[in-house]
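The two complexes that follow have chain A in common; it is paired with chain B in the first and with chain C in the second.
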Partner chain A sequence: MKNLIPELVILLSSFSLLITGVFSKTFNKIINYIIIVLLAALIFVVYFNFASSVTLFGNSYTIDPLSNFMKTLVLISVLFTMLISNTYLERLKIAKFEYPIILLLSTLGMFVMISANNLIVFYLGLELQSLCLYVLAAINTKSLKSSEAGLKYFVLGSLSSGLLLYGCSLVYGFTGSVDYSEIAKVATEQSGALKFGLVFILCGIAFKISAVPFHMWSPDVYEGSPTSVTTFFAMAPKVAAIAALIKFLNVPYANFISEWRTIVIVLSIASMFLGAVAAIGQSNLKRLMAYSSIGHVGFILAGLAIATPQSLSAVLVYLVIYVFMNIGVFACIMSLNRNGVYFENISDLSGLSKHHPLIAICLTILTFSLAGIPPLAGFFAKFYIFLAIIQQKIYYLAVVGLLSAVIAAFYYLRIIKVIYFDAAKESYEKNSNYGIKFSLIFSTVVILFYFIDPSTLNTIVESITKNIK
Partner chain B sequence: MIAHALIFYLLSSITILSSIMVISSKNTVHSVFFLILAFVNVSCLFIMIGAEFVGMILLIVYVGAVAVLFLFVVMMLEGNFVKVKQGFLQYMPFGFFIALVIFFELIIIIGSWQFRPEFIKTAKIAYDVKETNTVQIGKLLYTDYFLPFQLSGIVLLVAMIGAILLTFRRRDNLKRQDILKQSSREREDSIELVDVESNKGVKVND
Partner chain C sequence: MNFPILSFLTFFPLVGVIFILLRRGSDEVVERSSKNISILVSVINFIVSLFLWSKFDLANPGFQFVEESQWIKNFVSYKIGVDGISIFLVLLTTFISPLCIFASINSLKKRIKEFLIAILIMQTFMIGVFCALDLFLFFLFFEGGLIPMFLIIGIWGGERRVYSALKFFLYTFLGSIFMLIAIIAIYWNMNTLDLVKLTESKIPENLQYWMWLGFFISLAVKLPMWPFHTWLPDAHVEAPTAGSVILAAILLKISGYGFIRFSLGLFPIASHYFANFVFVLSVIAIIYASLVALMQTDMKKLIAYSSVAHMGYVTIGIFSFTKQGLDGAIFQMISHGLISASLFLCVGVLYDRVHSRLIQDYSGVVNVMPKFALVFIFSSLANVGLPGTSGFVGEFLTLIGTFKVNYIVAILAATGVILSAAYSLWLCKRVVFGEFKVNNHGEKLLDLDVTEIVILFMLMILTIVFGVYPNLILEPISSSVDLVVKNMGAIK
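Take a look at the complex of A and B:
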C-alpha cells in the first residue's frame, strides 16, 4: 500500500478536484496552485520510496528504482508544464478547471505504463495517457488548428494502438501469458511468431515516442496544439514510453536482443537523420522543436539498441537533460507575447537580445546545449551515448549520430543568429509571471552547471541500470 | 456433431458475407443493418463454443447500443458517399496487396503454431465446467484482473470528461428559465407606483 501512494493520491485527488470544480465557480483560479503543490509533494514521496522494489497485483505491477526514477522525471515535467502555462491558458481563455485534471489523469496513465509488468496493464496505461493527450491537443475549441491537431492525433494514435494490440494478441497467442516474466520464460526458443508480435508492439511504441517512420503526426500536432500542451507532449509522454520500452525490450524480450537490436538501430538512424535534415526548412519554433525532439529520440534509441548497463545509464541521463532543455526552451516560447497574442516563429526572436537580454542569454545557452556544444549538459548527454556505442564497436551508428548532430547544429545556430544579429523588432511584454521566470532560470542553471558535478546523477543512474537485467 | 458443424458453417458464412456487404453496399443504412447481422451471428458463434456471457454482452452492447447509435448517426448525416467509394476502388489493388502479405504472414504464424505444440502447453487459465462462465469471468475480474478492471474504468471516465470538455459550450445569449429566481420574485421588485405629473409623462427604463 505504501508503494502505491503516488498513484492513489493522483487518482483520488483528481476525482475530488473534479467534483469540487463542477460545483464551485471560484475554484478555477486556485486549482492550478493546488495541483502544483500536490505534484511537488509527490516528487518527495517518490523520492523517499526510491529504493523500494516490489511487485503488486499478482505480478502485474512492479515498483523498482527504475520506475521510481522515471516517475520522478514525469512528475518534474508535469510540474514545470503547469508552472509555465498558467498565464498562457488564461490569456487564451482556455483555463478550464478540467485542464489540469486531465493532465493529472494522463500522469496516472504514464505511471501505470512505467510500472506495468503485464501486457494488459501496459496497454491500459498507454491508452489512459493517450486518451488524455488527444483531449488536451484539441482543448482550444475556438482554434481550427487545435481541433485539427486533436483529430489527427486521435486517428493516427488509435491506428497505432490497434497495431500494438495486434502485437500483444500475437504474443499472448504464442506464449499463453500476458505476464512479462512468463513471456521471458517461454521466449527462449527461436520462434517466428513472437518476432511478429515484437515488431507490431515496437511500431506502436515508436509512434508514441515519434520515432521515424512513425513521426508524421508530431510536427502538425506540436504546431496545432496550445503551446502549454506542446510543452507537455515534448516531455512527459516520451519519458513514459521510453521507460516502457526499456522494460519491454529487456524483460520479456531479453533473449531476442539480436532481433530487436536491428529494428531499434534502423529506427534510431532514421530518426537522428530526419530530425536533423527536416528541421532546417522550418520557420515555426514549435515545429522546429518537434523535429528536434525526433532527433533526440533517435539518440535515445541508439542507446537503447546497445542495451548494455552503461548505455542504459546514458539513456537515463539523456532523458533527464532532454527534459530540462525542453522546459527552458518552452518557457522562452511562452514569454514571446504582446497584447495577448503569442508569437511562435523563429523570425519573431529577432531583437530579443536588445529588449530581453535575460531570455536571450538563457535561450542561447539552451540552444547550444540542444546542439551538443561543450561544456553544456547536452554535450554530456550525447557523449555518454557515443561512448557506449563505441565500446560495443558499432561504429556506423556513431558515425551517423555524429553527422546528424553536426547537421542539427546548423539550425540551432540559426536561432542564435536571429536572436543576436537580425534587425530588432518591437519588444514583448515584460514578464511578470514568476512561474516562467523560475522555470527558465532554473533549467538554464541546471544545463549550464551540469558539468561541475555529473557524477551525482551518474551514480544514481548506474545503481538503477545494473539491476535491469 | 454433424448438425453442430452445419450450424457453425452456416453462421460463419453469414458473418463473412454480411461483413463484406457492410463495406460494399451503396446505402449506408443498409451497411449498418449488415453490421448488426454480423454482430448477431458472431454472438451466436460465441454461444456455440460455450461462452454464453460474451455472446450475450455482444448482443446487448453492440447490437443494442452501438449499432443503433450508428444507425441514428448515419441517418442524420446523409452525406454523399459516392466519392468515398471511388477512392475505395482506386486503392483496391494496393489494399489487396497488403491483404495478401498479411495473409501469408498469418500462414507462417499458424504454421509455426500448429507444428510446435509446446507453445500451447503454457496456457494456464483454469476452466471449471461446473460453474457458468459469467461466474468465472466475475471471479477473475475481481481477483486476478482487478487492476486492469479498475484502470479500464478510469479510461472510460477520461473519455467521458474529454467528450464533455470538447463539446460543451456555455452560450451567454440564451434566456434560461430560473425557477428559484421566478418564484422568489416579489411584487415590489417589478411594480413601481409613480405619480405622473401632467404634461411630463414617465421615463421608462429599458
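Take a look at the complex of A and C:
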C-alpha cells in the first residue's frame, strides 16, 4: 500500500479540494498554493520509494524505478506549470478553482498510464488524462480560439482513442489476455494479426505524443489553449505517453522488435523533419513551440526505435532536459504581458534584450539549447541519442536527425535574432511574480550547467534501463 | 599536485565574465569597470601563458602540462595538454584577445559590457580548442564558439549582419555535424576518445577514409577551403573590427590545427589517400581567391579573400607531409594571425573615422595619416610575403615542402604570391597614395592615437622579429613536427 501513496493522495486530495471549493468562496486564492505544496511533497514521496519494485492488483499495476522516474518527471512538469501560471490565470480571469483540480486529476491519469501493466488499465489512465486535457484546452470560455482548440482536441483525441481501443481489442482477441506479460508469452510465434493490433495501438499513442503524421492537432491546440495549459501539454502528457510506449514496446511486443522498429523509425524521421521544416514559417511562439516539440518527439522516437539499454537511457535523459527547456521557454512567454494583454508572437520578443536583459539571456540560452548547441544541455540530449543510433550502425537515421537539427537551428536562431538584433519595442511589465522568475532562472541554470556533471543523471537512468527488458 | 595552469588559462576569462555580471551601479560605472576587468583578465591570461611558455620543455615532442580527470562516466575524460604545435596557437590567442579588447573599447558605441562578455567567452572556447586532448571535449569547444561569434556578428555588425551571422552559423553547424558522426563512430570502434590513446592504437584502414571525410568537411568549412568559403567574406565584412580579427587570426587557425592533429594524427592512411584531393582544392583556393580579391571594392572583403588564399598555403603545407611543409604551415598560421589582425585593425581605424569600407572612398591617406600609412603598407607587404617579414618564411617553407612532393602544385601555388602582390599593392596604391580625397565628411582625418599605435606597432614588431629570426617558432615546434612527420612516413 505504501507504494500507492502518491496516487491515493492525488485522488483523495482532488476530491476533497473539489468539495471544499464548492462551498468556499475565497478558496480559489489559496488552492494553487495548497496544490503546489502537495506536489512538492509528492516528489519527495516518490523519490524515497524510488528503488521499490512491486506489482499490484493481480499483476496489472507495476511500480518500479522506471515508473517512479517518469512520475517524478510528470510531477516536476505539473509543479512548474502551476508555479508559472498563477498570474496568467488571474489576468485572464480564468482562475477558477476547478482548474488546478482538473490538472491534478489529469496527473492521476498519467500516473495510471505510466504504471499500467495491462491494456485495460493503460486505456483507463489514458482516457482519464485525455478527458481532463480536453477540458483544460477549452477552459478559457471567453475565447473562441480556446473553445475551438478544446473541441478540435476532443474530436481528434476521441478518434485516436478509438483506434487505440480497437487495437487493444484485436490484441485481446488473438491472445486471450490483456496482461502485458501474458501477451508477451503468446506473442512469440509470428502471428500477423498481432501486428494489426500493434499498428493501431501505435497510432493511438503517436497521436498523444503528436508524432507525424498524427500531429495535425497540436499546433492549433497549442495556439488556442491558454498558455498555462499549453505549457502543461508540452510536457506532462508527452512524458506519460512515452513512458507507456517504452513499456508497451519492450514488454508485450519485445519479440516483434524488427516489426515495430521500422514503424517507429518512420514516425521518428517524419517528426524530426516536419518539426524542423514546418516551424520555419511560423510567427506565433506557441505554434513554433508545437513544431519544436514535434521535432523533439522525433528524436525521442529515434531513441525508442533503437531499444537498447543505451538508447532508452538516452530517451530518459532527453525527456528530463526537454522538460526543463520547456519550463524555461514557457516561463518567458508568460512574462510578455503589458496592460493585461499577453503577447505571443515572435516579433513581440524584439527589445527584450534592452528592457529585460535577464529574460533575454535566459531565453537565448534555452533557445540555443533547444537547437542543440554545445555546451548546453540540449546538445547532450541529442548527442546521447546519436551515440545510441550509431552504435547500432543505423547511419541514415543519424544523418536525417542531424540534418533536421541544422534546419531547426535556423528557426531557433530567428528567435535570437529578434531578441538581440531587431529594433527595440515597448517594454513589458516588470515581473513581480516569483514563480515565473524562479522557474525561469532555475531551468536556465539546469540547462546551462548540466555539462558540469552529466554523470549523475546518467548513472540514475542507466540503473533504470538495464532492468526494462 | 601541480597548479592546473592550462585549466586556469581556459577558464579564467569566465571568471572575468562572472565579475562583470556581478558589477552593479549606473550604466557608466558598470561600463568602465567591465572594461577594466576584461583588460585585466586578458592581460593576466597573456602573462600566465608566457609563464607556461617559459616552463615548456622544448625537447619533449609529446603533450605537456597534461591534466586529466573523469568527466562523463566511462565515456569522456576531461583531458587537456599542449605540445609544441598547440602552445603557439594558445599564445597567439592570449596575445590577440587583449588587443581585440583594447581596439574595441574605444570604437564600440553600444552594449560594450555584453561585447566584452562575448569576447571573454570566446577566448575560453578558443583556448579550450587548442588544449583539448579528448575528441568530445574538442568538439564541445569547437562548436561552443559558434554562440558568442554569432552574437558578435549579429549584434555589433554592419548593415547585413543578420544574413551574415545566420550564414556563418548554419554553414559551420552543418559542417560540424559530420565531425560529430565521425567522433561517435570512432568511439564505438575504438572505445575511447582519448587523443593520445587513439594516436597510439591504429584506427582500422577501411574506417579511416570515412572518418577522414567527416572531419574534413567540418574543418574545411571552418578553414575555409574552396568551395566552402562563401560564408567567410560575408562574416568578415559585417563583423565588427574585433570580431573580424578574432575570426581571421584565431578561428581560421583551429582548422589548420585540426588537420594536423586529427587528419594526420588519427587517419594517416586516409590522409595519404586524399592528399592530392586537398592539393587540388588548395591550389584552386589560392588562385581563385586571389583573383577574386583583385576585383573587390570593399577592403574587408579583399582581406577576407586573401585569408582564403593564405589558408590554401597552410593546407598544401600540411598535406605535403614533409618537415618543411608542416613547419611552414604552422609558421604561416601564426604569421597570418598577426598580419591579418593588423590589416583588419587598419581597416577598423579607417572605418571608425570615415564609416566606409569602400576603397573608392579613400585616396591619398598618407598625406594626413603618415603613421597609419606606414603600418598599412607594412602589413600589406607582409601579407604579400616580403622577405624579412614573417609572411615570407611561411610561404617559402610551405612551397619548399610542397616542391619535394609535387612540383606542379608548388608552381601553381607560387603564382598566388604574385597575385597577392598585385591585389595588396593595388590596394595600397588606391587607398594610401595619390591625391588626398576622402568622401563622407572625412576632412579631419586624425592619425593613429596612442592605443592604436601601441597595438599596431606590437603586431608589426612581432611580424619583423619572426621574419628575421624564424627559429623563435621553428625550433620549439620542431620536435612535435618531427613526430608527426615520422608517423606519416611510417605509412608509406
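Assume the second predicted complex is superposed on the first by the 469 of 469 C-alpha atoms of A that agree within 3 Å, B and C clash if a C-alpha of one lies under 4 Å from a C-alpha of the other, contacts with A are read in each partner's own complex, and residues count from 1 in each chain.
What we mean here is this: a contact is a pair of C-beta atoms (placed from the backbone, for glycine too) under 8 Å apart; a residue touches a chain by one contact, two chains touch by 3 or more.
Predicted, not measured: the structure shown is a model, and the values here were computed from it.
Enquirer: Which one hits more chain A residues, chain B or chain C?
Expert: After superposition, B is the partner touching more of chain A.
Enquirer: Tell me the contact category for A:Val9 with respect to chain B and chain C: first, second, both or neither.
Expert: Neither partner.
Enquirer: Quick check for you: in the superposed arrangement, does A:Val45 touch first (chain B), second (chain C), both or neither?
Expert: After superposing on A, A:Val45 lies clear of both chain B and chain C.
Enquirer: Could you look at A:Phe174 and tell me whether it touches chain B, chain C, both or neither (first, second, both, neither)?
Expert: Touch partner of A:Phe174: chain B, not chain C.
Enquirer: Counting only touches as set out at the top, which of chain B and chain C does A:Val112 meet: first, second, both, neither?
Expert: first
Enquirer: In the overlaid three-chain picture, which partner chain does A:Val199 touch, first (chain B) or second (chain C), both, or neither?
Expert: Neither partner.
Enquirer: Have a look at where A:Ala409 lands relative to chain B and chain C in the superposition and call it first, second, both or neither.
Expert: In the superposition, A:Ala409 touches chain C alone.
Enquirer: Where on chain A do the contacts from chain B and from chain C line up?
Expert: The overlap between the chain B and chain C interfaces on chain A is empty, containing no residue.
Enquirer: Quick check: in the complex, which residue numbers of chain B touch chain A?
Expert: Residues 105, 108-109, 112-113, 116, 118-124, 144-148, 151-152, 154-155, 157-159, 161-162, 165-166, 169.
Enquirer: Which residues of chain A touch chain B in their complex?
Expert: Its residues touching chain B are 11, 18, 57-58, 60-61, 96, 98, 101-102, 105, 108, 112, 120-121, 124-125, 127-128, 131-132, 134-135, 138-139, 141, 150, 170, 173-177, 182, 186, 189, 191-193, 196.
Enquirer: Give the list of chain C residues in touch with chain A in this complex.
Expert: Touching chain A from chain C are residues 70-73, 139-140, 143-144, 146-147, 150-151, 154-155, 161-162, 165-166, 169-170, 173-174, 177, 180-181, 184-185, 187-188.
Enquirer: Which positions of chain A touch chain C when the two form their complex?
Expert: Touching chain C from chain A are residues 368, 373-375, 379, 383, 386-387, 390-391, 395, 398-399, 402-403, 405-406, 409-410, 413, 416-417, 420-421, 451, 454-455, 458-459.
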